[in-house]
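Presented sequentially are two complexes of subunit A, the first with subunit B as partner and the second with subunit C.
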Partner chain A sequence: MDQLLQHFANTIIMGGTYALLGIGLTLIFGIMRIVNFTHGELYAFGAYMMYFFATIIGMNFFVAIAFAIAAGMLLGMLLEFSLLRPKRGADIDTTMLIMIGAWIIMQNLEHLTWGGIAKSIPSPLPETPLVIGPISISWLRLMVLVIALLLIAATYSVINLTKLGKAMRATFQDSSTAALMGINVNAIYTLTFGFGSALAAAAGALLGPVFVVTPTMGDLASLKAFAIVILGGLGNITGAAIGGFILALAEEIGAGYISSGYRDAMGFVIIIIVLLFRPTGLFARAERVG
Partner chain B sequence: MNRYFPLVALVFFAAVPLWLQDQYYLHTLVVAGIFMLAAMSLNLLLGYTGQLSLGHVAFFGIGAYVSALTSLGFDVTVFGRQISVEPWPPFLGLLLGMATAGLCGYLIGKLAFRVRGAYFVIVTISFAEVVRLVALNWVDLTNGPLALPGIPPLTLGFEWTGYVTLWGKAENYYVVLVFIALAYLLMKRLVQSPYGRAMIALRENETLAVSVGVSVTKYLVLAAVVSGAVAGLAGGLYAHYIQIIDPMIFMFLNTVTMVIIVITGGKGTLAGPVVGGLIFGLAPVFLRNYVGPEVQWILYGCLMILIVFILPQGIVPEIERWFNRAKPDRRNDAAGQEGSSVLALARSGRANH
Partner chain C sequence: MLEIRGLVCRYGKVTALDGISLTVPEKKLVVLVGANGAGKSTTLRAISGLVPAASGQVIFNGEDITGMSASSILAKGIAHCPEGRRVFGQMTVLENLEIGAYLRKDTREIAADRDRVLSLFPRLAERRRQVAGTLSGGEQQMLAIGRSMMSRPKLIMFDEPSLGLAPNIVEQTFSIIQGIREAGTTVMMVEQNAFAALDMCDYAYLLEAGSMVLEGDGKELISNPHVREAYLGVTAHA
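Moving on, here comes the complex of A and B:
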């Protein structure tokens, strides 16, 4: 029982960052319909930027997180502007091939820049974990969860409550009508891609100090993000948030009770099962965005 | 291109080991040939049915593991029952690897009926990753990350002829060349048959093709089975040639290599994967003097993006267009209506069954 409680605690902590990854990708894959293989690389990029700002430059930990997120947003906007804008309206395979190319380039650039040795980012939070009854949680992970939840709430408000969010939803529902209504459609595309990328970078910046930072950390992150998006239903932000927690739970249970070697297999098994039996995602009737 | 060109190319490549004695170059050519074979199989799905299988390395790896395990023999306990397999002749292992990969192709093909486009891509990636994790974690069977060493090389022959074991590079070169030629003939027969025309019709306009009676599942499954089996064959050849395999064989980058070969050479053309395979098989020979593997991958990535932007059809169709431009009398009417050609394709595909 105590073990199960600890698994639940771990689930909630990991679920927060998975939700960030998933929400970022649901904006890009679910709403913009771009099969974005660079999502995991933006996650790795966020982690490396966190390493750069916090460890190399020596910035304040929390300021460094903000800078890493901003860097991820800029890189995402650059990607959309340079690679996707010229091919807008092309079929899904074309953009997919472009994104695979971009993914290889980004991963190997990271390898060249930072080397293959894993980097660790020291955190300023106390080392001794917080112990509540049978559960122990490190302060760092708790902080990661809090920031992740704040970012999720912020994303939700931007998409649903602001004029910008309304413009985004309008653009991806019917871009020509949106353009006729005076929305700068090009800017919205770039901004949305940047927004999704910023969330991926945020997940990387938050998990970088928890784990270590390596050039290949993005590979699994991309695929896990796809699992979360499919689980939650394409373009469904609430679905992606819940999907993040479900994937984290599946991984915890899988690692704890089946075999830790199969932890990473859970996401793929979820993808295959959901697509076979409920391709619209688990929350198809829930509120849809886009 | 000229009808005799494939034959000329075959004769040329058959003559290569006669003057090329350098073991490193021969080795490069053998590996290039194996990946060419894998790319040819991917081309059937990607180029002719239009389904991008990004888990193609799964078929390759399954072929390699099945062939390696059956020729090494193994002991494994499944659900409390002990299964022991004595070492088989490598050639039978190769065929069994092909059959297993083809069976997996059947399952993936059935799946393709339910999910298309981006979903199909993600399902195939997931499939490959699950297989990779099984190969990594089922240590009793696959030795996990410690790899399977000492895979015997292929032996040819029968009881009454005596056996020849293929240790050398040149022997393996010829085996790979023969399989490439066979696969090329198979693909040519297939895509020029009514079956192939039905596949192309599905790629061009699925709704229209279905409306005239082309069965989606039937042709997608057929393409996936053939494609999986040929990729499994390539994997088996790889295992017996390199003689050691580990779960890294399921690396996503291997699929990416096949995709780049097909896209660069020209998807949906018979010669495309051959040309692309030669380019990317030989590129490391020239590049390794100047740049490390990371830069090489960056260059591949840039090339992939450039191809999509500049030559979306790939190199081979571009060369064909150039040839046809020189002979204007043989130029096809480029302004053929898509709909009517799809109808014609679909009708000829349907007429034969």
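Moving on, here comes the complex of A and C:
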């Protein structure tokens, strides 16, 4: 029982960051329909930027997180502007190949820049964990959860409540009519890609200090993000948030009760089950076609 | 108010508009009739900046707006209510209207205009929080018209407003468009329902295969033998 409670606590902690990864990808893959293989690299980029700002430059830990997120946003916007904008309207295979190329280049650049040795980012938070009854949680992980939840709430508000969010939703429902409403469709594409990338970088910046930072850390993050998006239904932000927590739960249960080697396999198990039984995702609404 | 001179538009190697010219005077209702594929929608799309012009000019209030972005053309005062209504199906009625006023910053005035549109279309007011995709075809058309009014345009272009609507709704739609014209907004309309369109307009143009073949008062075109035979389903000998 005590063990189960601890698993639940771990689930909530990891679920927050997974939700960030998933929401970021659902904006890009689910709404913009770009199969974004660079999502994991933006996660890794966020972690390296965190290492750069917090450990190398020695910035305040929290300011460094904000800088890493901003850097991720800028890189995402640059990717969209330079690689995707010239191919707007091209079929999905073309953009997929471009993104695979970008993924390989980005990963190797990380390797070239930072070397293959894992980097660790020391945190200023107390080492002794917070103990509540049978559960113990490190302060660092608790902070990660709080920041992740704040970012999820902020994303949700931007998309649903602001004029920018309305313009985004209008653009991805019908871009030429959105243009007739005076929306600068190109800017919305770039901004949305940047926004999704910022969330991936945020997940990286938050988990960087929890784990270690390596050039290949993005691969698994990409796969997990796709699992979460498929689980929640393409383009469904609430679905992606809940999907993040479900993946975290599956990993905890898989690692705790089957074998710790199964932790990272749980994402694939989920993708297969969802695609077999509910291919539109767990939270898909009925869609009117035509 | 709006003047088009020798407009040419191409989709790849296909010429959709082959040097057309037309004029829309202020506070008038001008219609563009023609068969499917004649280039009517392309004309509107070229005016609103969705399709680039290969050559020719679009002049609005004395200013050359050829090649401007869709959003700057809207800012100049030309709204385009597209074919097939194209409401944002996953957004509510209110959100659709707000998007129509996207370029405006005068929040209070926007709210007043929104209320005016809702009082003009009581069905929309009842369904204001409903997602637009769940509205009937006629209600979606009302929403599309209302949305195009939200930018406070000087000229509204309607593309096939009667398409796919029940006959009584068609009549209602046309009387709303008449009302917009009477309230002082210039209207340009593309219609396949040639008789109704010619009957209500001040001036009309007939487009065939990308070229302007006829122009004149609506009544004049209605009595033209070619128009009667080809577009009104009346044979010349009847």
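Please note the rule applied: the second predicted complex is superposed on the first by the 285 of 290 C-alpha atoms of A that agree within 3 Å, B and C clash if a C-alpha of one lies under 4 Å from a C-alpha of the other, contacts with A are read in each partner's own complex, and residues count from 1 in each chain.
Everything that follows uses one rule, which is that contacts are C-beta pairs under 8 Å (C-beta built on N, C-alpha and C of every residue); 3 or more make two chains touch, one makes a residue touch a chain.
A quick note: this is a predicted structure, and the numbers were derived from the prediction, not measured.
Chemist: Applying the touch criterion given at the start, work out whether A:Q173 contacts subunit B, subunit C, both or neither, answering first, second, both or neither.
Modeler: In the superposition, A:Q173 touches subunit C alone.
Chemist: Let me test your reading of the model: by the given contact rule, A:M217 touches which partner, first (subunit B), second (subunit C), both or neither?
Modeler: In the superposition, A:M217 contacts neither subunit B nor subunit C.
Chemist: Who does A:L249 touch here: subunit B (first), subunit C (second), both, or neither?
Modeler: Neither: A:L249 stays clear of subunit B and subunit C.
Chemist: For A:L79, is the partner it touches subunit B (first), subunit C (second), both, or none of the two (neither)?
Modeler: Once the two structures are laid over each other on A, A:L79 reaches no partner at all.
Chemist: Which holds for A:F226: it touches subunit B only (first), subunit C only (second), both, or neither?
Modeler: The answer is first: A:F226 touches subunit B but not subunit C.
Chemist: Figure out whether A:I104 sits in contact with subunit B (first) or subunit C (second), or with both, or with neither.
Modeler: Only subunit B is touched by A:I104; subunit C is not.
Chemist: Quick check on the superposed pair: does A:L276 touch subunit B, subunit C, both, or neither? Answer first, second, both or neither.
Modeler: In the superposed model, A:L276 contacts subunit B only, not subunit C.
Chemist: In the three-chain superposition, say which chain, subunit B or subunit C, touches more residues of subunit A.
Modeler: Touched residues of subunit A are more numerous for B.
Chemist: Which residues form the common part of the subunit A surface touched by subunit B and by subunit C?
Modeler: none
Chemist: Under the touch definition given earlier, write down the residues of subunit C that touch subunit A in their complex.
Modeler: My answer: residues 48-50, 69-71, 74-75, 79-80, 82, 86, 88-91, 95, 98-100, 102-103, 133-134, 147, 151.
Chemist: Give the list of subunit A residues in touch with subunit B in this complex.
Modeler: Spelled out, the residues of subunit A in touch with subunit B are 29, 33, 35, 83, 86-87, 92-94, 96-98, 100-105, 107-109, 111-112, 219, 223, 226-227, 230, 259, 261-262, 264-265, 267-269, 271-272, 275-276, 279.
Chemist: Which residues of subunit B touch subunit A in their complex?
Modeler: Within the complex, subunit B contacts subunit A at residues 50, 52, 111, 114-115, 117-119, 121-123, 125-127, 129-130, 133-134, 136-137, 252-253, 256, 259, 263, 294-295, 297-298, 300-305, 308-309, 312.
Chemist: Where on subunit A is subunit C touching in the complex?
Modeler: That would be residues 163, 166-167, 169-170, 173-174, 176-184, 288 of subunit A.
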